[in-house]
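One chain, chain A, appears in both complexes that follow, with chain B as partner in the first and chain C in the second.
Then we have the complex of A and B:
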């Protein structure tokens, strides 16, 4: 298996710890084997040094130079269509679905339950006929 | 120079003017009169019902024989208890009072503006009639099970409320089935993280 996601300048990553959990940021510089400098000017994440443990790399990158400033990153995101590409990814879709599920009211959950039952009924009937 | 109170007539009037000026009285009773202590009873503030419960809120009952069932809150009674109805036709919950502590308020609201709750349905309406006619000994040996008799008045009130309520309930799709379904937690349900 070949690695395709690298820790590199311009790599878009998702923060998975702390108050910025779930937000995207861009790697701007690499400090050492454990830390890097990220900037989340597009998503409201402060420019900060963060350990690799607290980020998850995405497939997306944007073209920026090492130590690029916020304005530069914003322009690169726009040019590369990072936000749109992220929204299309199955990762983002799953997260969005999870958020929707988490915000369902009791009545909504009931409706989902009924819909799920109907679906499984149809599937079961189809499987039986095959 | 004449003293003013003499000139304005009588010591009574003088005392009055002195009191009016905020001075202490010149005379006071020699005997202490026992004054009963002021009771703190009855000054309690009326029960606050939490903001998530309003008339029309669908609530999940948590205790009693209807636990787990969903009902519609119709009114908040003077005692702070909630007046709920299943409606009876849907899930068997009659007009009854419940304590707000034993319900989960959901965000689902039903428009109960068209539901007319009879004015007689108040806290006194639900108070149990105490009968002193049966002696305790007779009661003890009276092991026959008697079916509870529901008065015609209750039935009429229930019907009056449910007629209005059913109109609204049947309007919203799935709502009737929802009210008929029991609430329960299953695997991986985390009630503290759930939104109702």
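Then we have the complex of A and C:
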């Protein structure tokens, strides 16, 4: 198994626990084998030490030095197009789709059900004709 | 001393209570690590008794302040010299921790001493602390996290128990197999 995502300075990660759940942050420094320092100046996450259990690594990185300040991280994100790259990723798209689904009203859910039925009808007809 | 939650750094100033014979007794200042002010004051008298002929009943605390570190945005290496009583004797020790502030490093120290040596907080005395430049780091465990170009994957992890959402390993029944592999 080849690893592609590493804990390293500049790695963009997603927080999966607590009040900042679902927000992106950048790894600024590695504290020890269990913790790293993250800064989410672009996404409203406070600079803090967090355990590896509470973050998920993404494919994205930005070029910053060890212990970089918020301004440097913001500049690096802009330069590397991190926000755009994240928005394009299938991970972000799935999260967005999930959020949309979660906010549906009862009638919206009914419309989804009807649309799905129509879709499967078309698919079934196509399969039968093949 | 008990430890409850993160440790804090206090500066305590105290002296013998002035009497007619000694209207201006000398004041002493001490840096104390304690979870709160009450314990810091108590610790001050504990150490003062050992250094000078002073005690709480005939003395007074003039001032007590919490010292808050200015730069809490960078990870630093902290070296801590300590003395502790084990079950069989007293030992001096030097340990290193990486943290944002000294109080965090001291908290780590108390936790680690409890875990590795079964040392109770009351039998630990902090002798000296200092921040250490990367070049002067001594301990192998600290050394491996100060190098340049450090990177490593997170190959296996287990789900941590979350509030209102039990860890997979705690659930009696679950629809999905747990996964410990992460890319």
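Going forward, the second predicted complex is superposed on the first by the 130 of 130 C-alpha atoms of A that agree within 3 Å, B and C clash if a C-alpha of one lies under 4 Å from a C-alpha of the other, contacts with A are read in each partner's own complex, and residues count from 1 in each chain.
In the analysis below, a contact is a pair of C-beta atoms (placed from the backbone, for glycine too) under 8 Å apart; a residue touches a chain by one contact, two chains touch by 3 or more.
Quantities reported herein were computed from a predicted structural model and do not represent experimental measurements.
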Once the structures are superposed on A, label A:114 by its partner contacts, choosing first (chain B), second (chain C), both or neither. first
Of the two partners chain B and chain C, which one touches more residues belonging to chain A? C
Output check: A:102 vs chain B and chain C. Expected answer is one of first, second, both, neither. What do you get? first
Once the two structures are fitted together, what part of chain A is touched by chain B and by chain C alike? none
In their shared complex, at which residues does chain C touch chain A? 73-75, 98-100, 104, 141, 145, 150-155, 157, 160, 162, 182-183
Can you name the residues of chain A that touch chain C in the complex? 3-9, 17, 29-33, 37, 47, 49, 52-54, 56-57, 67, 69
Sort out for me which residues of chain A touch chain B in the complex. 102-107, 110-111, 114
Note: in the complex, chain B contacts chain A through residues 58, 60, 70, 104, 106-108, 174-175, 177-178, 181, 183, 193-196
